[in-house]
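Structures are listed in the sections that come next.
Okay, so chain A shows up in both of these, paired with chain B first and chain C after.
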Partner chain A sequence: MTKKILEICIGTPCYLMGASELIEYYNNLESRIKDKIELRTSHCLEDKCEKGPVIKFDDKLYFDVTPERLSKIIRKKTQ
Partner chain B sequence: MDIVFEEFYQSVPKYSQEVCGDNVEIIKKNDKTIIVLSDGLGSGIKANILSTLTSKIASGLLEKELPLKEILSTILAALPVCEVRGIAYATLAFMVIDHNKDAKLVEIDTPAAFLYRNGKIEKLNYKEYVLEGKNIRESSFHFHKNDKLFLVSDGVIHAGLGGLLSFGLGWDGTAEQITRVINYNDFDLKEIIEKLVKIFMAFYEDKPGDDFTIIGMRYREKRKLTLWSGPPLKKQDDSRIVKKLIKSDGKKVISGGTTAHIAARELDRELKTSLKYEDKSVPPISEMEGIDLLTEGLLTLNKVLDKLETYKPGQIIIKKEDGASKLLKLLLESDKITFLVGRAVNESHQSLNLPLELGIRSQIISLIATHLKKLKKEIYIEWY
Partner chain C sequence: MSNNTISEVVKLKRKLYVELVKMMIKENLVEEIDYLPKKMIRDDTPRYRCCEFKERAIFSERIKMALGYSTLNNKNIELHELASDLYKADNINNIVEVIEQACDSCPIDKYIVTDACRNCVAHKCLNSCPADAIVIIQNKAFIDQNKCLECGKCARECPYGAILENSRPCVRVCEVDAIKSDAKRQARINKEKCVVCGRCIVACPFGAIADKSSIVQVTDKILKKDEKTAALIAPSFVGQFGFKVSPETVKYVLLEIGFDEVIEVAEGADRVALEESREAIESLENDRILLSSCCPAFKKMIVNDFPDLKDNLSHTDSPMLTTAEKLKRYNSDINTVFIGPCTAKKEEAADSEVVDYVLTFEELIALITGFEINLEKVIERREIRDASKFGRQFAYSGGLKGVIEELSEGKIKADNAEGLAKCIKKLTNLKAGKSNFDFLEGMACKDGCIGGPGSMINPKAARKLIENFAERSNLKLK
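On to the complex of A and B.
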């Protein structure tokens, strides 16, 4: 199975808005799910900084992402 | 060849004490460096206050450039003396070295300095005399290019006392350890000091029976660093700055995500962002071929500024892997630093209501530069 790509923006705005919590969330994922995901970081995703933290998961952009939202997004897509 | 005087020290408190009773003050002036070591009687906070007081008085007087005799009499009169025992509460060693490499060292109640020259440790030639009832050892000497000099508090000489060694390491034993470590690693003074501290700790079986301090000094070649932060106002300057950075001598640093992207584009090199982050308050670093360090911009620079504000000259900073610690380390290790600062407003930051103290890039860099200048680094800033 090919892994789904999770891209977390770590540009200054996104970082300030809580991107580090998203990385931490990913790091703490149970391996059953983690194994299906490849984490990448980027510096700015499509200049949507005012809506940070911004992530891209499976080629779709999400804005204002919190760890809770990330959890929902990931779980829905890795079922 | 451009050389610079460098000094590092480490102080370790007596086992179970929070603070060290030894204190070091280092003052860097344009034409000289002043180094003061004081060891307060006893240990803990009281010893710490005594040694701090003593070393501050001494460094303050030395900074004023009075004749040595006058300085000494004033210090001796001002030194706090124990009423009961009639002895000074704190020992004192100080050295002034000028830009001609001429040094003057004075020692009062403290172990003699260790001079490493031509592969072995020597004792300096001293003139001894009594002043205000105190035995003073004074030495004037020329510091050779490859010399190293070490000052220690007596906690070093006593390492091992009552434990591993019945009489402690002693002066000769200490000299032997210093020689051994230098012969093993001659190029990094900071590491020499760290290694020696580990050895002294081992003699104490990791429970030092006294505060101890070691200061190391030497000359070394100047190191250069160029740091680029921020996109320039004029787009056509992109390639100019990139060229300037790549062609510069010494270490190359980029601070800023957008800036890193410009560099990657201009150089057609891959920008690898990393996933590791060591400290939550500092965004992760990235990597690019030919660049020694790539950090995020604003948050990292602010963190560096914070750390610089509390930095004491000669202090060895703890090794950490986050972007701000790495950048601080590189800045402190360099002597000639050029900042290439782009002033274009970063679109991505506009959207944020950044707290005022996080401020604007140019201000933060100016503040960082001011602190580095105080450490007698040569600083150049170019605005784009």
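On to the complex of A and C.
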């Protein structure tokens, strides 16, 4: 099975708004789900710096992402 | 994750800092600032209060503190009035304040009976209460708050754990007992007792406690071409600016946005290490146990709450003051900005002649964001070699302890305490003559400076990065 790609922007505006909490969330995922996802970091995702933290999951952009939201996004798409 | 969770309140504060810096750069702060609450708190912004109007009223108070002004002393003043003279800002006194409109007047009844109470036959709560404050009403225990001594026996005795200890988050984390409730049940900070450790700021879920900032003043200074401004970066800075951002890149960017000089405070820490280990040996000969003086919160707590131990405090200045003093000696006109994870340093700086401003890492990253610089994209670097591995280790708990032991070649038996609660324990034992160390390193924050309220990353990760950075130094301690 091909892995779904999770891209987290770690550029300074996203970092300031909590991108590190998203990476931490990914790192602590249970392996059943983590194995289906490949993490990549980005310096900037489509210049949407005002709406950080920005992520791209399975080719879709999400803004203002919190760990709680990330959890929902991932779980919905990896079932 | 850092010790400091990035809640919506924290995000809003950071967005505010970024906006203020952008307005400073565009030179429209005075004209635009009155519109900022409306611009940033919109009808559709997530809300935590009754209406957007209250949300904006609270936000206006946040802006006052971000400008360095007191919220308590400037109640009926419009924002543009404050913004028109940034240097009247009283960011000197009362670094930490309660924003009255935001404080939710949390319940202050210390013990309450929950629905888990079964009105059991044993009535252990009732029998254990020394004040006869518990009665049974409607098949449930009830605590008469007028009689309650807040001893907690009932809560410990209840077999169902049905009695809850209830304390305000701010009061619970304050180790020096500086927060009380006023007549309106709102939190009040006793300035004399407060050591500005910043724990209450992080703890309040309503974001009702804040520290004043100097972010606009520093932005103004670095934008001024005819003034010289130096950035003094605390030993704990390594790794705080992003995952792949090197210390050398941080230095490059600081010079790029207008700082004229960037120096590691570890440079001053090197000299403190030499001086304090010399003082420790001298003290050992005179049977005087020495207490470290680099953490201002630890120091102030000793002065306030352990006056008998005041003479045990090291006379050596803190690394921040040592570094700033040297800069000012060579150039008395230079503005000195200390950059660290610490709120207590804001007060230490205000009381000093040599440090003009303090920014936390959080504030500096907001400032850099306001300059529209993305650190992760910057590839340029500037070499940093101000300090030896000794000075660089001051950033984490146990660092100074190790330095003193090494420099005294094992003659000094050093110990350390991290977090005010542990510091209090060690100091209490010391006062009672029950301690077995010659030197105590005291740090108000758990993990040391890397666990400070203005830090950005996990202290464990920070410690590793700093250890590597310290090992990389090829400077010898003179």
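Heads up, the rule we're going with is that the second predicted complex is superposed on the first by the 79 of 79 C-alpha atoms of A that agree within 3 Å, B and C clash if a C-alpha of one lies under 4 Å from a C-alpha of the other, contacts with A are read in each partner's own complex, and residues count from 1 in each chain.
Note that in this section contacts are C-beta pairs under 8 Å (C-beta built on N, C-alpha and C of every residue); 3 or more make two chains touch, one makes a residue touch a chain.
These numbers were taken from a predicted model, which means no experiment stands behind them.
**Q** Touch check for A:Leu39: first (chain B), second (chain C), both, or neither?
**A** A:Leu39 contacts chain B only, not chain C.
**Q** Name the contact category of A:Asp59: first (chain B only), second (chain C only), both, or neither.
**A** Touch partners of A:Asp59: none, neither chain B nor chain C.
**Q** Just checking: does A:Pro13 make contact with chain B only, chain C only, both, or neither of them? Give me first, second, both or neither.
**A** A:Pro13: touches chain B and chain C.
**Q** Taking the superposition as given, does A:Asp47 touch the first partner, chain B, the second, chain C, both, or neither?
**A** first
**Q** In the superposed arrangement, does A:Glu68 touch chain B (first), chain C (second), both or neither?
**A** A:Glu68 sits against neither chain B nor chain C.
**Q** Per the contact definition in the header, classify A:Glu30: touching chain B only (first), chain C only (second), both, or neither.
**A** Neither partner.
**Q** Show me the chain A residues, by the header's touch rule, that chain B contacts in one structure and chain C contacts in the other.
**A** On chain A, the residues that contact chain B in one structure and chain C in the other are 10-13, 15-16, 20, 23-24, 41, 43-44, 49.
**Q** Can you list the residues on chain A that touch chain B in the complex?
**A** Residues 10-13, 15-16, 19-20, 23-24, 39-44, 47, 49-50 of chain A touch chain B in their complex.
**Q** Quick check on the complex: what are the chain B residues that touch chain A?
**A** Against chain A, the touching part of chain B is residues 257-258, 260-261, 271, 273-275, 277, 280, 283-284, 286, 296-299, 346-349, 351-352, 354.
**Q** Along chain C, where are the residues that touch chain A in the complex?
**A** For this pair, the touching residues of chain C are 1-2, 5-6, 11, 14-15, 18, 241-244, 362, 365-366, 368-369, 373-377, 456-458.
**Q** Enumerate the contact residues on chain A facing chain C in the complex.
**A** Per the stated touch rule, the residues are 10-13, 15-18, 20-21, 23-24, 41, 43-44, 49.
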